[in-house]
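Lettered A, B and C in written order, each chain numbered from 1.
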Amino acid sequence: MTERSNSLSEWLEARLPVISAFRREYVDFAMPRNLNYLWNFGAFATIALGLLILSGIFLALNYTPTVTEAFASIEMIDRQVSSGWLVRAIHMGGVSMLFASLYVHIGRGLYYGSYKAPRELLWLTGLGLLLLVMTTAFAGYILPWGQMSYWGATVVINALNSLPVIGKPLAAWLLGGEGLGNTALHRIYVLHFVTAFSIVGFVVLHVAALHVAGSNNPTGIEPAKPDDTVPFHPYYTTKDGLGLCLFLMVYAGLIFFAPDILTLADNYAQANPLVTPRDITPEWYFAPFYAILRAVPSKLGGLLLAAGSLGVLFAVPWLDASPVRSARYRPILRIALPILFLAFIALGAAGMHPPTGFWLWISRIAVTYWYLYFLILLPYLPRVEIPKPLPSSLQEPRG
Amino acid sequence: MTQDGAPTSSSTQCSSGKGGTRRRDVLATVTAGVGCAGACALAYPFLDSLNGTRNSRVGEDDTVDVDLSAIPPGQQTVVTWRGWPVFVQRRTAAMLASLQAPGAAQRLRDPESKILQQPKDATNWHRSVVPEIGVLIGICTHLGCVPSYDTPSPADQSGKYACPCHGSQFDIAGRAYKNAPAPYNLPVPPVTMVSETHLRIGLSKGDPDFDIANIQQI
Amino acid sequence: MKRFFIATLLLAGGSAHASTPEQRGFQVFRQICSSCHSLNYVTYSDLTGLGVSVPDIKSYASQHQVPDGLDEDGDPKTRPAHPSDHIGSPYPSESMARMANHGGLPPDFSRLALTQEGGPQRIIHILKSYTAPPAGTKLPLGAFYNTAMPHLHIAMPQPLHDGQVKYADGTTATIPQMANDVTAFLNWTARPHLKARHQTGIFVLAYLAGLAVLLGILKRRVWKRLKSPE
C-alpha cells in the first residue's frame, strides 16, 4: 500500500496541494478549545444546505415548470414517484432546518461579538448568504404553484413594484412582460437554481474568511498560548458529529412525524388567480419580516422598514462601539440582546397572525426595539455600560 | 453527511497512552463505519426517485389491437406499443417464398432464430404466429434507429428492411444479414391473433410467460 | 345511476376482504362520493397503497372513460381508463360540474383532509350534522340544512344514509360508520405515504440515536485527554 500511494499523493501534492490544504484547514486547523455547542450551527447549516441541494436536484428531475403542469408534477412526486415523497420531505424540511440553523448561528454571532474586527468580512459574507438563502427559499416556494405560492409571489412582486426607481424594471424583468404566468414561473425556476448554487460559492467565501481570522469563542478573547487551541480533528469533528446527530434527529422527527406543522395546507390547493386564500401567511422563516411589513400603515414605509431590518445587520460591525466582544462581559447588553431575540420571535409570531389588535401592537413594539437596539444601544451603550473585567485567558473558568 | 463519517482516520495527536488509544480506535472505526453506512442509506431515496413513476404503475394493460383488413398484401402499417414502433406486415406468397429460398439462410446471422429475440410461438421460419402476418419491433439491433421498409418490387419480390443509420439489413422476417453491423434479428413482440382480421400486440397466447424485457437486445 | 348500479353489483359479488377503515371508505367514495367529487391527482394504481388488489383496480379503472385524443373525423375520442390514469372527475369539465351542482364546484378530494380547515375531524362532523330543518327555516336555493356549518346550510345534499352501502366485510353501514370510513379514506388520499413515512422515521431515528451514542462516547474520550493534566 504505502509506497505506491505515497508516490501518488506526492505526485498529486506537487501539482495540486489539496491533501496538505485539507490537512491544514480541516485536520490540524487550530480551534479555540472552549467553543460551546452554539458553534455547531454553522455545520448544521452546511449539512442542511447539502441535503437541500441534493434533494433539489432529484426533485428537479421530475418537476415541470409550467403553469398547467407544475402543481400536478409536484403531486406526482408526492404520490407516484418512487421515494418521491421522501425526497420532497427532505427538501421541505431542509428549508426550515437551514433557516433555524442560520438564525441561531447569527444570534450566536451577535451574542459573542463574532462580527467585530478582524471578522467583519466573515459577518458580511454570512449576511450575504442569508439574503441568497432567502431569495432561493422564496423562489422555491413559488415552484409548486399552489395557492400560497401564487399569492405569496403576487404580494412580493407587487411589493417589489413599489420600490422607487429599480422596482418596476426588476418586476418587469422577472415577469417577462406579462402577469404571473408561464414566463415568470420559468424564470423563477431558473432563479431558484442560480441562487442555490451561488449559495455554495458564498459558503466557500464565508469559510475562507473564517479560516483567515479563525473562530471566535465564548470569551471573545483571541487564543494566545498554544494550548488555548486544539486541532479541528479529532476534537471538533467529534463534537460537530455529535451535534449533527442530534440536529438530524430533530430534522428526521420533523419530516417523518410532523410534516404538516411547517407547511401551510393551502399550498396543497392549486393556484387559482381568481380566489385569494383567506389568511395568507408566509412560511415561518419569513414571518418576522412580514410582520414588519404589515406593522407600518404605509406601503413603501413597511417595505423599507422590513428591508432595513436586515440592512441594519450589515452595519453592525461599525455600529457596535464597544471594544469588548462577548456579551458575557457586558452586563447591560447581556440583557438587551436576549430581548432582541425575543422581539424577533415575537415578530415571527405576529407574522403568522392577522395584523389586528394585539398582534399589530406586538409587532410595532418589537420592530421599534429592533431598530432601537441596533441604532441606539449598540453605538451609545458603551458610554454608560461598565464591562466586567476580562479574564486573562480564554481558558479561565467562568466566574 | 460526510461529517458523520469524518471522525475516521486515526488521531493526529500522539497517543496519550496505554489501553485507551486502542479502544478509541476501535470505537472510531465502528462510528465511522456506522456513519458511512448511514450516508449510503441516504443515497437510496435519491436514486430510487430516478425510477420515476415506474414502480407505482401496476396492472398496466399495455396491449394494442391492430385491424389487419386495412393492410394490403406486401404493405405494412406501423403502430406504437410501449413507445416502440411496431411493423405489422401482410406478406405475399413471393415474400414467404423468399424466406425459404435455398441459400437465403447462408446470408443470415441467425437464420433459425436461436437467439431469444421472439416468443416461442414465433420461433419458426417465418418468425410470426401465422406466416402471412409478420409483426416486428422496428428498432435496429445495432444502435436503435428505425429501419425503413423496402416494399417488394417487380425486381425484388422479397422486400427487406434497411437501416438508414449504418446500413444494417434485415429480411422480411427481421433476420439480420451478415456483413452488416446489426448483431441480432429484429425483436418480435408477443402477439395473439384475436380473429382473422385482428391481432393483439402485448399478449402471447402461445408463450404466455414471454417477457419482452428478457430478450437479448432491443 | 347506471354506473352506481354496476359498482354495487361488482362489489357485492367481489372481494370480501375489505376490512381497514380506508378500504371501506374507498367503497363509500366509489359508490357515493365519486358521483360528484373528483380525485384529480390520485391514480387508480395508487389504490394498491390501500391494499386494493390489482384485478379490482383494473376493473374499477375500466369502468371509466378518459379522453383519448381525436378520432379520424377530428372528434374527441375516449377509451376505458388504464390503472395509471388519474381517477379524475365525474364531470367532463368544471362548468359542467358547476351546472350540475347549482353553481357550486364539489371540492377535489385529493388533499381535502389537509386543506379543509379543521381537518378530518371537521369532515366527519359535517357528514354527521345533517338533520331535518326546524319548522319555518328558510334555506337558500340549492342549500341543505347542516348544523355544522356557520350559517346552518351547505351546498351538498346529505350524501350518507344508513345502510346505503353494503360493506363487503359485513360492517353495518350506519352514517357515523360511513363518515368515519370515508374520512379515513380522505386522510389516506391527503397523506398517501403516511405509514411508510412513520416506519422509515422510526428506523432513521433509531439509527441516528445509535450513532449519537457512539459519537457521544467517542467525543468524551477524545476531550478527556485535554482535561487530564499532562
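Here, contacts are C-beta pairs under 8 Å (C-beta built on N, C-alpha and C of every residue); 3 or more make two chains touch, one makes a residue touch a chain.
These numbers were taken from a predicted model, which means no experiment stands behind them.
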Exercise for review: Determine the shape of the graph in which chains are vertices and touching pairs are edges (line, ring, star, complete, other).
Suggested key: complete
Practice item. Decide which interface, B-C or A-C, involves more C-beta pairs in contact, and give its chain pair. Key: A-C
Revision key, fill the gap. Cα centroid separation, subunit A vs subunit B, in Å, comes to 49
**Study point:** subunit A-subunit C separation of Cα centroids, rounded to whole Å
**Key:** 37
Study note, to complete from the structure: CA centroids of subunit B and subunit C: separation to the nearest Å works out as 38
Review point. Can you list the residues of subunit A that touch 2 or more other chains?
Key: 76, 79-80, 86, 234, 238, 241, 245
Check your understanding: Got the subunit B residues that touch at least 2 other chains?
Key -> 4, 7, 11, 13, 28, 31, 35, 53, 56-57
Revision key, fill the gap. Note: subunit C residues in touch with at least two other chains are 43, 46, 208, 211, 215, 218, 222
Check your understanding: Which part of subunit B faces subunit A closely enough to touch in the complex?
Key -> 1, 3-4, 6-7, 9, 11-13, 28, 31, 35, 44-46, 48-57
Check your understanding: Touching subunit B in the complex: which residues of subunit C?
Key -> 43, 45-46, 48, 54-55, 57-58, 82-84, 207-208, 210-211, 214-215, 217-218, 221-222, 225, 228
Check your understanding: Along subunit B, where are the residues that touch subunit C in the complex?
Key -> 4, 7, 11, 13, 16, 20, 23-24, 27-28, 30-31, 34-35, 38, 41, 53, 56-61
Exercise for review: Please name which positions on subunit C make contact with subunit A in the complex.
Suggested key: 41-43, 46, 110-111, 114-115, 190, 192-193, 196-198, 200-202, 204-205, 208-209, 211-212, 215-216, 218-219, 222-223, 226
Check your understanding: Given the complex with subunit C, which residues does subunit A contribute to the contact?
Key -> 33, 72, 75-76, 78-80, 85-86, 89, 230, 234-235, 238-239, 241-242, 245-246, 248-249, 252-253, 255-257, 259-260, 265-266, 268-269
